[in-house]
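Okay, so subunit A shows up in both of these, paired with subunit B first and subunit C after.
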Partner chain A sequence: MRRYLPGLLLVSPALAIIVFLFLVPLAGAVTGAFQDADGGFSFGNFIKTYQLYSNDILFTIVIVALSALLTAALSVAIAGYLTLGTSPAAVAILRWLYRWPLFIPFIVVGQILRTFLAKNGLMNNIFVATGLITPLHTVGFLDWRGIVIAFVWKQTPFVTLLLAGAMASIDRGTVEAARNLGASRLRILLEIVLPQAAPTLMVALTLSIVTMMSVLSVPLMIASQSPTVITVDMAFRINAYGDYGVANALGLISLVLTGAVAWIYLRQTMRENAR
Partner chain B sequence: MSVLAETAAPARAAAWYWIPRAVLFGLLAFIIFGPLVNLLLWTVTEKWYFPHALPLEYGFSYWGRVFSPRGNAMGSLGTSALVACLTVFLSLLLAIPAGYALARLRLPFRSLILLALLVPNAFPNLPIYVNIARLFYQIGLNGTILGVVLVHTTHGLVYAVWIATAAFGAIEPELEEAARSSGASAFRAFRDVMLPLAAPGLMASAIFVFLESLDEFTGTFFVGAPDVTTLPLLLYTSAAGGNYQIASITALILLVPSIAFMFVVERFLRADVLANIGR
Partner chain C sequence: MPATSGHAARPEASGPTGEPFLEVDRASVQYGSTKVLSELSLGVMRGEFVALLGSSGCGKTTLLRTIAGFMMPTSGSIRVGGRDVTRQPPDRRGMALVFQSYALWPHMTVARNIGYGLKLRGKPRQEIAARVAEMQALLGLEGLGERKPAELSGGQRQRVALGRALAISPDILLLDEPLSNLDARIRLTVRHEISALQKRLGITAIHVTHDREEAMVMADRIVILNAGRIAQIGTPQEVYNRPSSSFVAAFMGAENVVPLLVEAGGERLRIAAGPVNRAAAIPAEGRRLGGRVVEARFRSEAAELHSATAFPKEKATEDALVLDGVVMQASYPGGVWRHVVKIGEATIVVDSSHAFASGEAVSVKVPAEALFLFDATDCKEGEEELR
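And then the complex of A and B:
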């Protein structure tokens, strides 16, 4: 124990922050979800949550799942081209292009897509000006579609960055062998490159799902009317009613949902490692 | 003649290849830069209404309003800068000793400690912030700069500690041993040998933490509002109030450091440090 003392002393302040500002509030979220107004144990918050927000919970799952799927498809396409592309100039252009949204803050993403995707936003204005559609046919995207577009817009570069890194480090021999046998690039990507980079894709997607479940600013700015995602509901419960019980019940549900994703991922990797 | 035709044919085929590529890249550029151009247009718009594709009048009058000494944007900019600097200071104060210990000293459960620091970023943090706000309310930290700094530090700590650990780990152990064996105290060897060598990595972690703090919305929304108004909160309230110009100028102020960082990050995070992160 003595020889560990200096190291533990130096690490303990950082760990104290995690304990007091993460574990204690987490415990507060779990116990708060099961407390009624008088502090007694009850399932009342969950019953109320189910009555008021079961649609929004379903809505959240669909939005996050759809965003994750679209992000995965786009990331595989971009990272695949970066890895297997034959024209150095095209690869360089794509590499320069794709990562712009990576460091743009979510709140800014919310603002720029809100003005861009609105019924009278720049996107529709351009379509009208170029004669693609008439002003009568413009459609605003400031609903669930806006949230999905914002999530995919922001998360694709992140997943692509990690995935392209993983694809670059796989064994090139199998790729060259398949190419010599005349396999198409799409087939090489899907049957040789992607399976080897799949663990990284799953990690990146899991992290993205956690992010999407946490972000409040994007749904708040793009589509805060009902139906909406549960982060907006939690903020509303607290700001409008000071109702911590239902907010914590919703919080616990979002923790369980992401926990389920993480568990599926972990089980998958363990099964693959056991093979 | 025939030689010329033979070289021209593949060149022409390669040129044809560029048409689908150009269409796809153009589409991608539209998707990525369209919203950004829209933001830039809004910052210099005086008058813009449906169905005009572009603003009717351009001007900088809103910039004057944002940057006037009495405008609340300058106040928010000051608050954001103060919070971000204090967050960097506190994070480095915690991360430098922790990173050194994780890289160099004997520690039980070392990988578990590294993982524990990641945990706050591996769960949806909104339920956590809600309960932090409740705790802070009881001890009078709600609506204070210190409260917001503490929340931002929790969120940024994983970057700070992981990068600091990687930076210290990338230094050759012989250098520190040489300093010690020529008579330097442990603290002196750390201060004069380890700290300068780890400086670029620590700088990168400081920039990461600074940007995370600058862009943080959810925690500030629960813990700081309405007393502590950072730039993201100002952006949200002006956008909710329909003031697109003020919101867009605020967004641009937030955007510039983030984009600048994207281009310099590789200079600060050397490959040997980068490969060490999370180990």
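And then the complex of A and C:
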């Protein structure tokens, strides 16, 4: 025992922080989800959550899934061009441009897109000014579309950053070998480069999904009417009703959803490592 | 490159005759402002195995990549079978490249790696499977079709890379140092496997290597490159026995170098006695030397070591050069004793069947046929030194 003591002492501050700042509050939230107003065990919060918010939960899943898919598609396109692009100038410009949204906070993204996507916002003003549509036909995007646009706009640079790094580090010879045999650039991207960078894409998307599940500001700024995402409902339960029980239940559902994504990812990597 | 004219370079004299199948015509290549190849011309016959030999940075890989179509020459052209392919993409040249790193696709099985080129050509699935099986049989990869590259040994990976290149039946096989990542022992057998395969398929092959012995063993002709130019082209015997320049001689193992003072006189070259060498007369044999000061090169195994008293001092030696020196060090690398001999200020390496003690005064005898003479590059200095 004495032998392990210095090691345990060294670990203890980090362990204490994890226990008191993470595990204890998490346990509190989880148990809180299963407690009724009197503190007894109950599924009441979940029943209420299901009755009030099942549509919002579905809405959240659809929005996050759609955003993740669009982010993946855009990231593959951008990272692919950064890796395989033949015009050095275009590659340099793209490399410089794509990272900008990384440095803009979600709340600012919400703000920018709110003024841009509104019915009388900048986007429609431009369309009207250029004669593409008449003022009568303008449509605001401040609903699910706005949230998806904001998520994709904010998360694409992050996923692209990781993906472009992974693509840059693959053996360049594997690309040239495919070119030597006559593969087009699109085939090289999809059949040679992307499969080798796929684990990184999966990690980036998993992290991205967790981020999107936890963003409150963007849906609040862009579309807080019904249906909306889980985070808005949680904030509403606490701020309007002081109802921590249902908020905890919603939080637990969020955690289960992100946990499922992480589990799918982990199972995939373990299967690949086993091979 | 040193200005030499020792042996007349006869690049085309020994090669197969007729129209070359692959022609590099005055190709220049540069990276940014650095000129890597300058006006390089090379002809390769159909079915020939040519080795591009040179030290790192000499432009051999650049030449291969230019032929393959991964680099564009700034001037000059590349022709295959009379067709200009200079502006053609890599896959329209009828060539397949085997990479130094093999560059196998790690996410594909062996069978899919080999069959990918055919899949790109839109061949039906049965045809691809048949060709893949054929390649596996040819290269001894039976039963490994479902493995991923990570589950193969180095030699097996190398053969998969070869199979992938050969599956599309290319006219020309390009090999970029394909053996350099293999264990020394495997490398020796793979050398013979590749050249046997090349002969069997009758395919034209260009092999880049920095390994002299590898080039000698595998190639029909060797192209020695130096600083983006061809230093010499010839059969292995020619470049080994009749190096056209001091660089080629040194690259082919004639590392011992001694400055000599020569008086040309008809059939025989008279070598004047110098601080380290006895007077000698050797057959001229077409050696054309411009200046009086020459650089003599020879291999350690081509010289003989004798005790200092073996040759009378005053008499000029015939058909051989005799140098006087002192043994500095003797070692036994196997087969022969290797001696480091101090000759004046320089040291040379000489092999001998029996050992001489360190500190012993010796005479080194170099037979005329093993002596390569070139005009010295730094004439003035050399002449001062010899007088």
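Please note the rule applied: the second predicted complex is superposed on the first by the 260 of 275 C-alpha atoms of A that agree within 3 Å, B and C clash if a C-alpha of one lies under 4 Å from a C-alpha of the other, contacts with A are read in each partner's own complex, and residues count from 1 in each chain.
The definition used in the following text is that a residue touches a chain if its C-beta (ideal position, glycine included) is under 8 Å from a C-beta of that chain, and two chains touch if they have at least 3 such contacts.
Owing to the predicted nature of the structure, the values given are computational and were not obtained by experimental measurement.
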| query | On subunit A, do subunit B and subunit C fit together or clash when superposed? | reply | fit
| So, does A:I104 touch the first partner subunit B, the second partner subunit C, both, or neither? | first
| remark: Max touched-residue count on subunit A (subunit B vs subunit C) belongs to chain B
| field | Contacts of A:L161 with subunit B and subunit C, given as first, second, both or neither | value | neither
| Looking at the overlay, does A:I192 come into contact with subunit B only (first), subunit C only (second), both, or neither? | second
| request: Answer with first, second, both or neither: which of subunit B and subunit C does A:L220 touch in the superposed model? | output: first
| task | Pick one for A:A14: touches subunit B only (first), subunit C only (second), both, or neither. | result | first
| task | Could you read off the angle at the CA centre of subunit A, spanning the centres of subunit B and subunit C, to the nearest 10°? | result | 80
| In Å, how small is the closest CA gap from subunit B to subunit C once the two complexes are overlaid? | 10
| Across the complex, what residues on subunit A touch subunit B? | 3-4, 6-8, 10-11, 13-15, 17-18, 21-22, 24-26, 28-29, 32, 87, 90, 93-94, 97-108, 110-116, 120-123, 125-126, 128-129, 135, 153, 207, 210, 213-217, 220-221, 231, 234-235, 238, 244, 247-248, 250-252, 254-255, 258-259, 262
| message | Applying the document's contact rule, which stretches of subunit B touch subunit A when the two form their complex? | response | 14, 17-18, 21, 25, 28-29, 31-39, 41-42, 49-54, 93-95, 97-98, 100-102, 105-108, 113, 116-117, 119-135, 150-151, 153-154, 157, 161, 211, 214-215, 217-218, 221-222, 232, 235-236, 239-240, 244, 247-248, 251, 254-255, 258-259, 261-262
| field | Residue ranges of subunit A touching subunit C (in the complex, touch as defined) | value | 171, 173-174, 176-183, 187, 192, 195-196, 198, 275
| field | In the complex with subunit A, residue positions of subunit C that touch it | value | 68, 70, 89-92, 95-97, 99-107, 116-117, 120-121, 148, 164, 168
